[in-house]
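Here chain A shows up in two complexes: once beside chain B, once beside chain C.
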Partner chain A sequence: MLADLVQNTLDGVAAGASYALIAVGFTLIFGVLRRANLSYGPAIMLGCYLATLAFQRQPALGALALAAIAIGGSVLAGAYVERLCFAPHRQGSAIAAMVASFAVWMQLEELATLALPRHVHAFPALYDGAPLQLAGFALRVESLAMLLAAGLACALLWWMLERTRFGLAVRAVIASPVAAELSGISVPRTFVRVFALASAIGGVAGFLVAASHEQVTPMMGMWFTLKGMLAMMLGGLGSLSGAVWGALALGLVEAHAQWFFGPQLRDLLIYALLFALLAAGPRWMITRSAS
Partner chain B sequence: MSALLEVKDLITAYGKIEALKGVSLAVAEGSITCLLGPNGAGKTTLMMTVAGILKPKSGSIHFAGGEISRRPPHAIVGAGIALVPENRLVFPNMTVLENLQAGAYQRRDRGIADDIERLLTRFPRLKERAGQAGATLSGGEQQMLAVARALMSRPKLLLMDEPSLGLAPLVVEEIFRIIAELHRDGTTIFLVEQNAHLALTVAQHFYLIEQGRVTFSGDPGSLAEDEVIRRAYLGTARQ
Partner chain C sequence: MDDYTIGVLTNAGLFAFIALSAYLLLLAGELSFGQQAFFGVGAYSGGMLTAMWGWPLPLAAAVAMLLGAIAALAVAVPTLRLRGLYFAMATLAAAELARIAFELLQWQVPVDGEATGPDGTQGFRGIRWVLESGIEPQTFLALIWAVLTAVLALFLALERSKLGATLRGIGEDPELAAALGIDVDRWKLGVAAAAGALAAMGGVLYAHHNTYIEPRNFDIMLGVHSLAYALIGGLGTAFGPLVGVLVDIGLLEGSRVFEGYRMIAFGGLVALLLVVRPRGLLDERVVQWLRNRFSSR
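Let's turn to the complex of A and B:
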């Protein structure tokens, strides 16, 4: 029993680490643009598909090359989404941008299906051997990579936001776009850069998730968007540290629920938790996002 | 004195409603020019249009010899105009120091640290709170921070939108003392003020704006001053 709890917790934290990467990217875009980018996940999916395509043509390609393709592809697809859905609606309706991002989501899914027709395609694992054994508990190499990547990405992001000129601009735009413009910060330029950064973080997550699942499907896009959104909402809308905690909580609850109740009840439990938070604590969410 | 800022036939609209219906005015270099008018006359709209936040439907804005009405706000800051906005809009989660650094965003020179030091000496209250978040400051301190942040871009023209709004009388006095000091140091100031009495004590020239049009302009001390003040507060009854 105790051993199960520990193993579940280990698995949960590893899953949470991948959610954290996704949620941090999602939250960056939400914080700066104040609108949900539903195409966030599909853009990452497309990056993973590009890497898969490259892998099928050149099976000898190493993990680093595939990661670079996945990240580059995510950034390109993200830039496409930004130009098409968000740049034209800067002053306009947030709903219009969100609906546009939904339409582009469908586009990207179709594109992926056209490029690689079958539903599931194999993606190479990072490491072929058995999971690492830590005092009797199993930890996959992919999970370890995910933990390291998430930790590194969070540390780098924190440094960027708190210590660089670009970070100052991002925080200023999040606080008040008008005051940022009046201080000489170009809001559109900051948008584009944040989009690229968030897509790159998402690309890292996408590559690691694909390597960990050892497959890609066009549905990955929805999976990324859903997990990112869930973690962001659990952590209080728009706060980066909140998104990380929300992601870890999501991973932990999922891992334990899966073990004790099975996969169907697992998702039900997550949505029940989200519902309870939304119903009971909108005030909590708003104060979180303000901090 | 030549005009540093020259606005001609400026029309700015929110959808179909024109908030500015062809405004023309000039701000002389080295002056304090004041814009008076009742609520909703278009004062803030004019400030936001000059700063580039709002795009005019037609008309021109000349600044230091160049046309700026089609340029983005950050380029206008770079050209030498800084606006201290209504309600100050300091960055609440950023420290006083970071607020000042944000104000210098357009600059690439090495004098930024010196300028921060100089402004903190000028505003000792900000120096005491240099590491505090903007949101923890009092209204008067936030106003000083907003002014200092605007000055960090080394503007040739400082626009101030209702700097006395919501502040205690003693603090308002302090703000106006600062305005006079800045002017003495050579900054050109274009000031929007509800408090017409106070504004006319520092300004060399004023404009009265009503319902989106400039209806009067002149120098303080002229015979019409009482009438101008009455109209600045109440608006004109004419239709």
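Let's turn to the complex of A and C:
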């Protein structure tokens, strides 16, 4: 019993690390643009599909090459989303931007199924051997890679935001787009860079998730978007550290609920929790206006 | 009419109900990701009443609408204070809860020696009231569009009345509306209940047209589609959501030109359209212009 709890916690933290990467990318876009990008997940999914396509043509390709293709594809798809759905609505309606990003989601999903027709495709795992053993508990190599990647990405992001001119511009735009514009920061350029950065982080997450699930499906797009939004919401809207905590909480609750109640009730519990939290509106959650 | 045309027009009519439901909430300034829940409540409750207990469809539809309104109120009351993305996420969470509840729902009774009723993820088959009553597909299509026309007439009457102006006022600036003495909370609950009943109506007809429903039919894809229909058609008039549905289901699916590329075509069309017309084809300005042309004659 206790051993199971420890193992679930370990699995939960590993899942939480992947959610953290996804949520940080989602939150970066939301924090800067004040717009929810529903196509965030599908763009990552398309990157993973490109990597799968490359793997099927060239099975000799190594993990690094596949990761580069997944990240590159995700950034390219993200750039398309930004140009079509967010650049034109920068000053305008948030709802129009969100519905446009949903429309592009439809496009990306059909594009993926046209590229690789069957529903599920195999994706190479990072490591073929048995999971690592840590004092009797199993830890998959992919989970370890996920934890390392998430930690590294968070540290790098913190450094970028707090120590570089780009980060200063991002923080200024988050605080007040008008004031940032007046002090000579190009808001559109900041948007584009943030989009590229978030898509790259998403691409890393996408590659690691595909490698740990050892498959890709078109459903991944919705999965990434939903997990990113859930974690961001649970952590308080638009705060990066909140998104990381929200992601870890999501991973832990999911892992334990799955073990205790099974997958159906796990999802039920997560959505009930989210609804109850939103309705109760604790102060750390309802921090900023988000219309 | 051939069977294919009848099928396309029937589907367009059915999804127009949930598109109008999303539109009604958009008028009141609320973005719901969860109208599919009430569509599902209508489909399941209406289907159960006719298939399991032999109720006539009109009576079952009335009860299903009532249940849709109650379910919508159950979501609207705790989310009354939420705005924007918070509201959207809360409605999405509620709708996913409803979908999982449909997955858990197992309740079958013997009808003519056959177990009939919702069977969890296996879905709910045998909703055959329309077939058993000897109603032709063409007649059912006419019935759907007759109900839809009545709903549209109600909407048009509402929009020309003072109530419609109040509703748009709440949508544009709830604080100002409250300052003018409007009970915004009561209005929002009323709108939520009406939108829930409307979606449930569409759900009842959907279940009886398809004779088979499953929880997956009521996932977030349906909800976001209905929002997209409302927005591309336009927020100026209740004809907007209808135009949105007809563009997607009628034009793209019906014409079969974009076979295999339908989503790429529809998605691109919607995204580009929103760049030019962020409040849809028939937005307020176009509607006002049309109205002026009409009245000057």
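Remarks
The rule is simple: the second predicted complex is superposed on the first by the 284 of 291 C-alpha atoms of A that agree within 3 Å, B and C clash if a C-alpha of one lies under 4 Å from a C-alpha of the other, contacts with A are read in each partner's own complex, and residues count from 1 in each chain.
Here, a residue touches a chain if its C-beta (ideal position, glycine included) is under 8 Å from a C-beta of that chain, and two chains touch if they have at least 3 such contacts.
Just so we're clear, the structure is a prediction, and the values are computed from it rather than from any experiment.
Three-chain overlay on chain A, with chain B and chain C fitting side by side and no clash.
By the touch criterion defined above, A:Leu38 lies against chain C but remains apart from chain B after alignment on the C-alpha atoms of chain A. Contacts of A:Ser183 after superposition on the shared chain: chain B is touched, whereas chain C is not. In the superposition on chain A, A:Ala175 contacts chain B only, with no contact to chain C. When the two complexes are overlaid on their common chain A, residue A:Leu197 makes contact with neither chain B nor chain C. Contact with chain C, but none with chain B, is seen for A:Ile95 once the two complexes are overlaid on the shared chain.
In the superposition on chain A, no contact is made by A:Leu46 with either chain B or chain C. Put simply, more of the residues of chain A are touched by C, taking chain B and chain C as the two choices. In the superposed pair of complexes, A:Leu126 makes contact with neither chain B nor chain C.
Once the two structures are overlaid on chain A, chain A sits at the apex of an angle of 90° toward chain B and chain C, using CA centres and rounding to a multiple of 10.
Superposition on chain A places chain B within reach of chain C only down to 12 Å, the least C-alpha distance between them.
Taken together, the two complexes place residues 291 of chain A in contact with chain B and also with chain C. Of all the residues in chain A, the ones that touch chain B in their complex are 165, 168-169, 171-172, 175-176, 178-188, 291.
Those residues of chain B whose C-beta lies close enough to touch chain A in the complex are 51-53, 72-74, 77-78, 82-83, 85, 89-94, 98, 101-106, 149-150, 153. Chain A contributes residues 36, 38, 84-85, 88-89, 92-100, 102-107, 109-111, 114, 222, 226, 229, 233, 237, 264, 267-268, 271-272, 274-275, 278-279, 281, 286, 289-291 to its touches with chain C in the complex.
By the touch criterion stated above, chain C contacts chain A in their complex at residues 26, 31, 78-79, 81-86, 88-90, 93-94, 96-97, 100-101, 103-104, 220, 224, 227-228, 231-232, 260-264, 266-272, 274-275, 278-279.
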